[in-house]
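Each of the next two complexes has chain A plus one more chain, namely chain B in the first and chain C in the second.
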Partner chain A sequence: MAFTDFSYSALQDIVGDENITNDPVLCQAYSRVQWLPHGVMQRERCGLNMRPACVVMPGSTEEVQSIVKVANRYKFPFIPRGSGFTFHAFPTQGGTVILDPKRMNRIIELNEKDMYAVIEPYVAFAQIFAEAQRYGLYVPTPLAGSQVSCLANFAWHGAYGNSWITGIGAQNLLGFELVLPDGEVVRSGSMACPDAGNFWNDGPGPDLRGFLRGGMFGHAGGMGIVTKISCKLWQFAGPEVFPTEGNANMKFSSSLGDLWRWYMIKFPFKYPEEEEQELKKSAELFYEMGKAEIGEVATHLAQQFLLTYSSVTKQDLHDNMNNNVFPQSYCVVALAGKTSLEQLEYEEKVLKAIVKKVGGVFVEEDEPAYKVWIKRAANEWIRFGNAQRLARPSDNFSIGSSNVDSIDKIVYEILASNKVEKDALEEGIGKDFVQPLSIHGGWISPQEYGYWCLHTTDVFPEQDPEQCNQAIEIIGRVGKSQFQRKSAAEAIHMLGPAYDMFGPMLGDVHLYVKALKREFDPNNISNPGFATTPDVLSDEEYRKLMGGGGH
Partner chain B sequence: MTEVLSTIEELTGKLEKVVDSTRVFTDPEFLEGYASDTSHSCNKKPDVVVKVLSTGEVQKIVKLANDYKIPVTPRSSATGFYGAAIPEQGGIVIDMSSMKNIRRIDTRNKWVMFEAGVTYGELQEELAKHGFRAINPFLPHKDKSALTSTLEREPRIVHKHHLDETILTMEMVMPDGNLFHTGSMAISPQAPETIPDELPSDLCNFHGPGIDWFRLIPGSLGTLGIVTVMNVKIALIPEKQKMMFFGFDSLEESVEPFYYILRKLLGDECLLLNSRYLATILASDPEEIDSISAVLPSYTVIVNLTAGEWFPEEKMAYQEKAIRDISRTFFIKPMESLPNVPDAEKVLARHLLQPWDNGTYWKFRAEGASREIFFLTQLQRAPEFLQIVNTIAAESGYPLSDIGLYLQPKQNGRSFQMEVSFPYNPESQDEREMIDALYREASEQLINKGAFFYRIYGPWAEMVYSRTGNLHETLKRIKRTFDPNSILNPGKLGF
Partner chain C sequence: MALEKIEYDASHCQRCSTCKWSHLWEIKSHRFARNCPSLVYGKFDAYAAQGKNDITTGLLKGELTWEENKDILLEVIYRCPVCAACDISCKRVMDLDIIGVLDALREEACERGYGPLPAHKEFIQSIMNYDNVWKQPRTRRANWARKMGIKDLSKAGARADVLYYVGCTYAYKPGMDTVPQNTAAILKEAGVDFGILGAKEVCCGGIADNIGDKKSFEKIAEKNLKMFEEIGVKTIVTNCPGCFMTFSEKYAKMQKIDTTALPYKVKHTTQFLEELIQDNKIKFKKPVNMHITWHDPCHLGRRGEPYKHWEGKRVKFGLTEPPREMNRGVNGVYEAPRNILKAIPGIKLVEMERIKDYAWCCGSGGGAKSAYPDFALATAKERIEEAEATGAGTIITACPWCEANLTDGIDASGSKMKVGDILDLVRQAME
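On to the complex of A and B.
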């Protein structure tokens, strides 16, 4: 059965005329995210088939529940969407309904004492950050930008500027409310218990967050629709209002007050020839900081990241590139006086001693790198109000490689991934990208005082199919090499067809998740294909799903 | 159609093909030791106990159990507190307490890998040789398995956010007998004991594969899989530490200062005990509990300030200054020792790192047994819940002065485990019945008022899940998906 007039009428009854549309122009806007290479390729492959049958905007959990029940009655696929910043939120087959949560945009509760907030799907990080600041708190914000949905990011996939203390999305999600693919509502954590409050995550009994999400990802809407979460807030040593100077086009933030200090640290090695030594020294810095448990931010940024996140316009980006303001990679550290000024000064003394011990050098205030990064951009590393700078170089970007493991192994992973990418470049793949692959280095994000670590490298093709295909080819090559190296990456990258590809080598995990999909989504209508397909794919189906080729 | 085993002898015959016959037990007296625990909550003997030495043996037994639809209950500790390892439907108990290997300590990445039977005492002793400590709960029983304690999510005494969830990777046997590894251990298909030191992975990634098993499995009381090996985070032993104490006449008075201390990130450990619980720990002889309790403040907040390798004196100095500042803000007096109890700070400092090692387990010292109710709450609601407990205890005729109270912050004070304890004489039938009724009544009322029972044992499962909408049914669907034969620990959690 497919989407019909009966389906549309039933949805209309639920949300009202004003909250549903099948206008082709409006629906087309929900058909792809073309500034991701996968989105560009989807457009090429699927054309108008990616246009949803309709877009519906529920205003409450009850309305979401009713929509899902109608979907089960008429058996049409639906896709829940946050702010739309991922290619998994777009149709791959005709007759699909998009649920746009724009009307569900309330901060339901902000609890200062117990440091959490309860939010609906369309609350952006910017909203909650600004609100939390008033109470001396803040929310970890992803590099994707403060404009994205906080709920979707925590329930799905998030990594943050201050992950040194906060971890990733998995560590920031507390309770949640989920409309299952069959329309039943389930709540988890203390949110499940009447009058218990929304302050806690695990239980009662098994922690249902383990079912909701996994690895770096959740289920991409393949196991229902999250309609409410409670999430953690964190002590903030900065001011009640985020300080900014300038106008909307050239807005900077230079000071977070007396209790917040930024540092850039470099190691005296030739870049990129001695990149390995530089990365290993950076690892030493993080291990030592972790042992001392100091700092609010500790991260390693390659040229690529520094340029992307510090430039406010395309012209600015190219000027910074041409002027070589970041001649190498740097470690960036923030200390925050959350106990007192004395604590901040103590940590500064420890940081200086550690930097000396590991052979690092603090970047001086008169160096171009300091002027551009610390003076203009560093504060945004915790707020990312510089919306979608990821798209700045070419209006298109993708993560080229990523992994989670120890800091040491992440260094190894970056070097190995960079080699794969450089080999690709020698074949001419990616040679025309705005930021050439040869200036890669990666983002190292040690998590929770360095107990574990995450990294990504990015690629920036233009929005044309040829370059996007090259980007996807690079991603595929890196993934394949990771598996050949038995990198830990594959444990976290399970989603969609990856289950069929890697599951047999990972304890047959694909069979367990497929069984869950069959149990909870018997009609396979909740973002079909995610978390994975209900049945094991045949070779032919797999090739078809991968666009005829696969890797 | 499933083949049926008609006799215990048939079953033991099959089991003896898996393990040495000397490790298969059917003697009724021996089985009695597995029929109950210190909770006295139920009494059900297994049909057979198998002491295993490896994950492979567990795997074979679970497969055999599936073949004949026989229940399997995993047990790792030599002692139990809440009935989790009592085989409610008989069958096989897999006793993993002999799996004693501490397989690896990674001091660079700060983790330890160990088997199911390793206790906190054994773990601490080994870790101390390397300058590290386990992230243990407050004063665990010396025979408690560190793996079970972690899976049961006993609150860690170190309340820091990044040490709240300590599991990195796990080796486990799924309900169908499949061997499964979680996190980055999944990438190396060999058993952990054969993993070489130099690996492509350092086993620090706890996510995946696929879903987050490190969260789904804990709290499931062995109903979704049997974990045989895990690696968990550890922490450096501090170079310096200093106990600070704040006394309060009422729990209400402690709330704001306690919140504030935690908001300021002071103390590796920070907890609140009432005079009864504190006296139970400090008394060198149980006979002294009453007299010590009488001279202690009604409620004591204990803050353990620590410092590590770098400039420890300076770190202690800023922390002590912050404590003094807080004292002035709230008009409270910090104490470096407890009045009238010599060396209390030294006794407590030692107890923060160790399981209880002073004879009878501390919670049983006063009367021989105790029944505990514990749940999570926001600190600001703790006085309200204590009032409920006191009211019901008074109505039951239980002396309020005997009730123990312990508040353990989690994640720098984002939530608190509140535990109330009712010591009683286990030899007295009247007391047992009174305590049982009090326990049930108080649990019901606390749950009704919003106390969040997150670790749910015995009767709590029904009390809690009857109030949580579709949650229980959702969990049962997950259980059925993984364990269609209902082999693993049936009866627990209402499964």
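On to the complex of A and C.
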């Protein structure tokens, strides 16, 4: 059954008139997301089916449960929202109901002693950061920006600017409350035991974090709606209030005080010709830092990230690109004296010794790259996010990522991905994208002291279907090559068939996920369906690549 | 039609939602983190800049029609004080003319005959009939100045270095006449050669532009520009941020020139007094022992930047040809009032959480108070709560609209706070 007037009245009874709408004008504001070629193509294909039939704002877990039960009764699909930055949070079929979480926006508890916060879905990262900062604590910020929902991101198992120390979302998730696709509530970890505190997510019983599909698998079929999480807070060596200078887009934060220091490190190789050596040296640096267990942030940024993240305007970005302000890639490191200044100084000595050992050079304060990155953008990295700027080169970008267990493998991945992109370019695919930004891997994020590593590769097309299709093709080719190399990759941006493709490499996880989905959501109404299936990577083609696997 | 001009900007919104929050570095608490009064009141995304971009794109693509959705469209468009908090937040990450989208929606509503709203039409009619927004006779316009011996520059042969332009609200609103009186007294004491336009002063017309009625705006602006030319005005000083922005930004934009190319300079009183203090022409003799907080009026702050004219097109990658310098809220008037307050002995100034380029709007601008009084009141109450959290007893501002709306907010919330104008404090400290 589709979404009908009966369904609407039933939802209206739950949340009240003022918290629900099916007005086309109000629903239009939930109908398009354009930063990614997939979003553009999804809109091209789904058209007005991307406009929800209704937007509903529950105010409590009980209201969420009731909504889900009504959805099962009338069998209409529903999609919960955080801020709605990802295209997975948008309908792909008519008659879908969006749950807008704005009424569930409380920080229920902030426990400075046990270092966690219990929050509802609409709490943004920036809000928790600000509250935690008063107690000398902070929360990791995804590059997506601190305006997004912390809960939606943790449910997506996100990655952060300081994942070097914090790891991914799952590691920061200390408990959750989830309304299952049939309306039943499940709580995890110590959240399941009344008055036990909200600091521990393991047991009793099995680890339930896998239930949270979030954005990554949301469109391969969700598993209900998270109504509360407990998120881990980390010690912050910066001040209680974020220091800034200037106004608006010329507002900078050049210093976080005595206990926080940024460094930019380069290796004396010719870029891009000797990119391989540069990447290998960077990997060595991270391994050594990991062994020494130093650092708060450790990451490797190619030109495209440096240019986009530090830009104050689009023109400024293109000028910096044309003036070659970042002539190469750099490693960016932050050290934090969490216990004392002595700790910071000790770590600095160790870092200097490591950099010397691996043949690196600290970028000097008077170099343009230092001035632009450290003075303008570095502190944004941990509090603002700033990847909202990633679309700045062309107002659209495409992202592919790989996610593996070692930094060495990531270096190999980047080089291979760059080659795929260069080959495509030689065929003329992507020739109209912003060059040279569209060739070199953007972000290498070694996580948890280098125990594993994430890398993204981006291209910058304009927002027209022709260029978007080319971007999807390039990212698709990169994904395909990852598969051929038997490398792990995230299925984030190649949803649907890609999930089946990567499943066998991950112990047939896709089969378990699908079985669980069928069991828990027999009506297939919780984030059902797939997003765009890229033309260039048909279901058939993926299966062929899989050697017949999948499904 | 107006929307076509901003098609690129609306359709390239990436939906990041940065426009829905205060500057992300500056968020200091969970409570005062949001920046968009329209969204906070309306809750659904349609009321945010992001939603208005989607709606604009929908209208341009024919997915929505004006005819079928007139009422809700007008509410989404006009229940917004065009405070530009969204625009400034967005421009930190993108290069889209968001305030241009909001303006174009209003302009197109008027072009199609759906806008402005009845409450706005009353304003426009009043300006046409009486040269002021308050339906008051012209003869009463300069009542505040009686017996003050101020030059009337509208009289033949009268000349002065500075035109002190009072504005409709300070001129007519009961209880607000102390502000022009104090301003005139301060200027006299500082030895400034100034005059007023007396009963011939005409509304600046900013409200007409704000609500999208470009035709009426142009008529009013031309009348004023003619008068300024006749009198040979070189410097205009005004207390009202709305008039300030209109003379400086809107008149330049209408004439397709930069603010710096206007034949006159416009200064808000706080800028002018700051200079007089620096030049030692104003001296404070008496401490004013008050614990205050400062409310940045949007038209003085993030919307108070000089205008840089641009005519061109979007080219490859969304770059502009020729390169466009957009107003981004960097050079608004933020420091002048603060420097004045710091110079007055005895004043204890504590800042609210949302200030300067990311200040929370009082809720009154853009015709919002006349058309949606409940919205304006709710927005003011939010500001009062923020002000109360500072521990200060008084909110000081420099805008008649903010002062009136914040006063209503205090009355409605039962707060013990008071609202005052910065000019009154300056005067007290000089006496």
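The rule we apply is simple: the second predicted complex is superposed on the first by the 490 of 551 C-alpha atoms of A that agree within 3 Å, B and C clash if a C-alpha of one lies under 4 Å from a C-alpha of the other, contacts with A are read in each partner's own complex, and residues count from 1 in each chain.
Everything below uses one rule, namely that a residue touches a chain if its C-beta (ideal position, glycine included) is under 8 Å from a C-beta of that chain, and two chains touch if they have at least 3 such contacts.
Nothing here was measured: the structure is a model prediction, and the numbers come from that model.
Aligning the two structures on chain A places chain B and chain C side by side, free of any clash.
When the shared chain is aligned, chain B comes close enough to touch A:Lys486, but chain C does not. By the touch criterion defined above, A:Val55 reaches chain C but does not reach chain B.
In the overlay built on the shared chain, the residue A:Ala10 is in contact with neither chain B nor chain C. In the superposition on chain A, contact of A:Ala126 is made with chain C only, not with chain B.
Within the superposed three-chain model, A:Ile399 lies out of touch with both chain B and chain C [touch as defined at top].
When the two structures are aligned on the shared chain, A:Ser146 is found in touch with chain C, with no touch to chain B. Comparing chain B with chain C, the partner in contact with more residues of chain A is B.
By the document's definition of touching, of the two partners only chain C reaches A:Gly246; chain B does not.
Residue contacts after overlaying the shared chain place A:Leu415 against neither chain B nor chain C. After superposing the two complexes on chain A, the closest approach between C-alpha atoms of chain B and chain C comes to 23 Å. Every residue of chain B that touches chain A in the complex is listed here, in rising order: 108-111, 153, 161-162, 165, 168, 174, 178-181, 183-184, 186-189, 199-202, 204-220, 224, 233, 236, 259, 263-266, 308-311, 314-315, 317-319, 321-322, 325, 376-381, 411-415, 447-456, 461, 464-465, 467-471, 473-475, 477-478, 480-482, 493. Residues of chain A that touch chain B in their complex: 111, 113-116, 165, 167, 170-171, 180, 184-188, 190, 192-197, 199-200, 202-211, 213-216, 232, 235, 287, 290-293, 338-340, 342-343, 345-346, 349-350, 353-354, 404-409, 448-449, 451-453, 485-488, 490-492, 494, 499, 502-503, 505-510, 512-513, 515-516, 519-520, 531. Residues of chain A touching chain C in their complex: 18-19, 21, 23-26, 28-35, 48, 51, 55, 57, 83-85, 100, 102-103, 107, 123-124, 126-131, 144-148, 241-242, 244, 246-251, 253, 313-315, 318, 379-380, 383-386, 388-389, 391-396, 434, 460, 462-463. On chain C, the positions that touch chain A within their shared complex are 11-18, 20-21, 23-30, 33, 43-46, 48, 50-52, 54-55, 57-58, 63-64, 68-69, 72-73, 76, 88, 91-95, 302, 316-320, 323, 326, 328-332, 334, 356-357.
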